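Here is the structure we will look at, set down as structure tokens.
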Amino acid sequence: MPRKDINLPYKIQYLSILDENGKLDKKLDPNLSEDLLMKLYRAMVLSRKFDERMLTLQRQGKIGTFAPIKGQEAQIGAVAVLEPDDWLVPSFREMAAELWRGKKMENILSLYAGYNEGGEIPEGFNNLPVSIPVGSQTLHAAGIAYAIRYRKQKQVAMTFFGDGATSEGDFHEAMNFAAVFQVPAIFICQNNHWAISVPRSHQTRSKTLAQKALAYEMPGIQVDGNDVLAVYAAAKEAVDRGRSGEGPTFIECVTYRMSVHTTADDPKKYRSEEEVEGWVKKDPITRFEKYLRDKNLMDDDQVKATEEEVSGEIKEAVGRWEDFIKKTPDPLSMFEHLLEELPPHVEQQREELKAEQAQRKGGK
Amino acid sequence: MAKMTMVQAINLALMQEMEKDDGVMVLGEDVGKDGGVFRVTDNLMDKFGPERVMDTPLAESGIAGFSIGMALHGLKPVCEMQFSGFSYFAMHQLEAHAARLRGRSLGRFHVPMVLRAPYGGGVRALEHHSESREAYFAHTPGLKMVIPSTPRNARALLVSAIRDPDPVIFFEPKALYRAFREEVPEDEETLPIGKSRIAREGKDVTVISYGATLHSVMEAAEKLEEEDGVQVEVIDLLTISPLDDELFSESARRTGRVVVAHEAPRSFGAGAEVIARLVEKSFLYLEAPVRRVTGFDIVIPLYQREMDYLPGVNRVMQGVRETLDF
Amino acid sequence: MPRKDINLPYKIQYLSILDENGKLDKKLDPNLSEDLLMKLYRAMVLSRKFDERMLTLQRQGKIGTFAPIKGQEAQIGAVAVLEPDDWLVPSFREMAAELWRGKKMENILSLYAGYNEGGEIPEGFNNLPVSIPVGSQTLHAAGIAYAIRYRKQKQVAMTFFGDGATSEGDFHEAMNFAAVFQVPAIFICQNNHWAISVPRSHQTRSKTLAQKALAYEMPGIQVDGNDVLAVYAAAKEAVDRGRSGEGPTFIECVTYRMSVHTTADDPKKYRSEEEVEGWVKKDPITRFEKYLRDKNLMDDDQVKATEEEVSGEIKEAVGRWEDFIKKTPDPLSMFEHLLEELPPHVEQQREELKAEQAQRKGGK
Amino acid sequence: MAKMTMVQAINLALMQEMEKDDGVMVLGEDVGKDGGVFRVTDNLMDKFGPERVMDTPLAESGIAGFSIGMALHGLKPVCEMQFSGFSYFAMHQLEAHAARLRGRSLGRFHVPMVLRAPYGGGVRALEHHSESREAYFAHTPGLKMVIPSTPRNARALLVSAIRDPDPVIFFEPKALYRAFREEVPEDEETLPIGKSRIAREGKDVTVISYGATLHSVMEAAEKLEEEDGVQVEVIDLLTISPLDDELFSESARRTGRVVVAHEAPRSFGAGAEVIARLVEKSFLYLEAPVRRVTGFDIVIPLYQREMDYLPGVNRVMQGVRETLDF
């Protein structure tokens, strides 16, 4: 057909550095320091163990519904590129990234145990709190990044969201705003193959999620999201681009949600055990551990030592959290932080609750 | 008659309406294979196939707007918002189109859709999973806003909502999903939209409520009878809009004293409208100010403080007592 | 860089058949019958003249704000492919398409003169009424098309929207739903270069709007939107695709809004006269007329006759509209068509208004 | 002091606040080069450049969400919804984030944004250009909802809104944009958010109103004085939420008779909340039912019937007379 082809800029590429067996593609080695490599390893192990611990606590009824991150620990590769004053704009499945950026485990436990206090933001870090309305937070990252640009600062805003989130209008608007205003925002899509029971293939018809970046003429790349080095390398490129004023980047991290969607979910309804097992081989921690062993940075003893160390840390955090609970925080705290000043009629409602509390305590 | 939970009763309504009318479609996030995160749509996909029980992409405005389209072409979509807290993503589709296409087309088209959503607190859920914002929809001309309170009336009202030629927002009090069982007849049963009911008769004071709060009110009424010898009449609104102001006005005229109870924030909530109607219709009969026992005008807290936020039995009792003591 | 390229299916092409001078690219000739060619011509002239008439009526204060379509008459090429029972899902700048599909001019006048009665849908046609909230109607087309597919019917749903509309989340969601469910929907983007004062280049960074279809793995094409034959050909291909169960298509029609955004707008604030003049040369009607003259289907006399004919038609329609107004429709009609049955409290409000009207009539 | 239209007064507020604080940003559809479809933001782009006065892509949720982000990073975005009828596209961003980020972050972050939108009927506009849905936002804890009524108070309230550390929805009665001029001081002036004012003193009856309707009420008050010798006190709410229930309650206690007037649909509107507060706070002082003179519970009709829809002078007078005759 003699129609004219239109040449489109940008193409979509795929990046993988460490394969499933921990073998490194040397040409692509981001050459991280040994110290950083070890830190990444430790953080991934900590996240895995803490996730397991949370699951236990949930099953024991000590905390409520939460979204496990098992299998997605290589997300740490992305935030490892950031400075504390860069912005992290997470969804609800970035516990590993949050821990890396100072979030206290006891706060995470409190949040999922139903205490607003768990929302505490780690000092010195620009982390937004967990955002549950899918996709909605991506716009905040775009706006923050604009403010950074306007203030001529060097920060970036990195937002995380799932494969399902790419279906939301807000995602589209965020990508478009970010591209139009060329802001230093990094869009990290955690394509973990499932949005609760809906598989990636049914969420959208496109072959990749990365290609959605073309709609906004934004650089987009697909990376092996279980390869912490690939995630790091892609994020580094994107962050550098952002800091040097070259605008936003979209990164699709192909990973897998190895656990339940949330603890209220039963994946047996919609996916096979085999599928899950297929991904065990691609586990981000095992392959990274193999790589470190090959590099002689890691041996059996050190693996054990790391695990013990993080288990100790977790135990301490759980202890601090239990102490927090024992202090049974005042329910009147629900009236805090609504607005800078509580309006009189709400103040009055607070008094109603206070009176009721007093009455309850005073016998009855 | 089988004893059913509200989840089962709603499922029965969907099942039977889908059997009866091949234009009835179910769509939403995870409503198909997963049967919905509360299992309300369980087994529907097995029975009716993925063309009629559709797992959609994750987009609420999409779901609502797509449903409007389906309805325009003669189908009867019953779409689900996974939680009412995400229905505001679709607010513009509901306000600008579902509510208006009949009028805009001078009656040539209409939008017989139902938008179902679990709403309200009490299930120890995450943020955005416990809101009660029925007033947004009730304030929108062209929409109907229905909230059942028991398995049986949930089933009957949902059937009516599906058959209704106009858009119905159907909020399901998720705290009641599995709270208790009730006999639900296998045979078809409907309840008129726009009519409330007397849930308990009494002569001393009227409490007007709906949804999960109704059950706190019922318990409070029992206790007040026991402890104070007071006979509380309880009105269950069932439909928030159009509001049936006849039944509660009539009750108020008899008792002279009224309390309104709901878990939504107090200000600009449904309670205010009830009071306004009472003032308009039954002013001279009111012997005491109508009290509101409601959620506070704050963001509903996470679950540890949720029970202090929600208007429970004690708070209703106190409200009634103050109203009687006035 | 040794990253792997990902091959994406579909490419974006550009289609033009009649050039600015009315010269036909023979290889691409859609071979329309002479009858249809003449009908298209006549309809375009009618739309142009009616648009001009509306502008006059607006300037005289006889009708209110409306959105002129001058320059976008080739949109008729798209609806010319449809059957009456196909669905037209317009925005607010499809007057030409609406006229083609039976909309009465007197109704259009009534609508913009502030009478709800103007919303009357032409009998026998599945036309949705004008939709003002930008982009929102695209979802209705997707849903309608799904219902068509479900009912195993052969219809299609064709929706129109502007370049600005592609920024709305609803557009994104509609494209995604349509592609995922492979429905017979045709998305016609009228890229008229401006969304009020915002130029296409600032609306989104992508080189074309057509490439946005790639994000949904939907066939997308850019056509010369002032070339009625190209618009027809692209729409035909899309409609055929839809009818044969091959899913949706996105068509970007590159055209130009030659007049004001609406009659409340002053384009001098944001665009140059030269730009507008540049587009006069690309006028869809002049070039089509040239083509018809070259084909010996048209001569001076016929041009004149057509213009007189359509002017007569317009005059009659204006007359019918004036008659309608003289009948001064009852304001109580505002209570019609809210719901199938008016709720009692609204019925009561209707009575309030009725009493007020009676009182007013009965001399204060 | 110059005599200004409301458009000019709002423009002045933006101009001066932008001069004073380089963190104040203006964004929205056509607010830059075009100066806004009502020219409210005229000349701002020339003066402050496109980095601070941003023509955004056409996406309301985008504008709101982007503004939230800007506010989080310390700026003070004043974003515009071209018409309030399109603000529901952003409802979820406002409800889920603007209203909650302070709480969710335990006060570490806050969202000092203003969302401006022309609202209400009376300018012979197209569909979706005449709505009054302030109740949606007033019912949303964490948002403030402000509606000015004159050029001078519009300017002063907008300055306060911009300086407010929390999100403020600022609805501008577009019928008043150019309806009349008022002296507006060049020098800085603010008005507290959350406070209403007595627009006219009187002793016989209180009419509570806001926005464009306030002016019908004022005219009705004059006429009632002339024709019936009745002295009407008029309260201008100015802030819808948080509602200043002190001032109008105090007035109601003095007059004993109250009418509430607004153009929004009656049911579940702001009038209901006013009545509820009156009942709660001043029940024993009310000598007659509080009447609502409001828009009907229908979709506001196109402009030929708009004046029959909107509560005009006659309807207010009738409401007052009925209240006095009770």
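A, B, C and D label the chains in the order they appear, each numbered from 1.
Basically, a residue touches a chain if its C-beta (ideal position, glycine included) is under 8 Å from a C-beta of that chain, and two chains touch if they have at least 3 such contacts.
Predicted, not measured: the structure shown is a model, and the values here were computed from it.
Asks: If you tally contacting C-beta pairs, which pair wins, A-D or A-B?
Replies: Per the contact counts, A-D leads.
Asks: In terms of CA centroid distance, which chain is the most far removed from subunit B?
Replies: C
Asks: Taking the mean of the CA coordinates per chain, how far is subunit B from subunit C in Å?
Replies: 40
Asks: Taking each chain's centre as the mean position of its Cα atoms, how many Å separate subunit A from subunit B?
Replies: Their C-alpha centroids are separated by 35 Å.
Asks: Any idea how many Å lie between the Cα centroids of subunit B and subunit D?
Replies: 30
Asks: Which subunit A residues sit where two or more other chains touch them?
Replies: Residues 116, 130, 132-133, 167-170, 173, 176, 180, 202-204, 338, 343, 345-346 of subunit A each touch two or more of the other chains.
Asks: If you look at subunit B, which of its residues touch at least two other chains?
Replies: Answer for subunit B, listing residues that touch two or more other chains: 57, 59-62, 85-86, 89, 92, 96, 103-104, 127-128, 141-142, 243, 267, 296-299.
Asks: Can you tell me which positions in subunit C touch subunit A when the two form their complex?
Replies: Against subunit A, subunit C makes touches at 1-6, 8-9, 11-16, 25, 27-28, 167-173, 176, 179-180, 182, 202-208, 210-212, 214-218, 221-222.
Asks: Within the complex, which stretch of subunit A touches subunit B?
Replies: The touching residues are 64-66, 92, 111, 113-116, 118, 130, 132-135, 164-165, 167-169, 195-198, 202-204, 264-265, 269-270, 331, 333-335, 338, 343, 345-346, 349-350, 353, 356-357, 360.
Asks: Using the touch definition from the top, list the residues of subunit C that touch subunit B in their complex.
Replies: For this pair, the touching residues of subunit C are 87, 116-117, 119-121, 128-133, 136-148, 150-151, 157, 169-170, 173-174, 176-177, 180-181, 336-340, 343-346.
Asks: If you look only at subunit D, which of its residues touch subunit C in the complex?
Replies: 29-30, 32-35, 37, 55, 57-62, 85-86, 89, 124-129, 266-267, 296-299, 301-306, 308-309, 314-315, 318
Asks: Report the residues of subunit B in contact with subunit C in the complex, numbered from low to high.
Replies: Touch list, subunit B to subunit C: 25, 51-52, 54, 56-57, 59, 61-62, 64-75, 77, 92-93, 96-97, 101-110, 141-142, 144, 165-166, 194, 242-243, 245-246.
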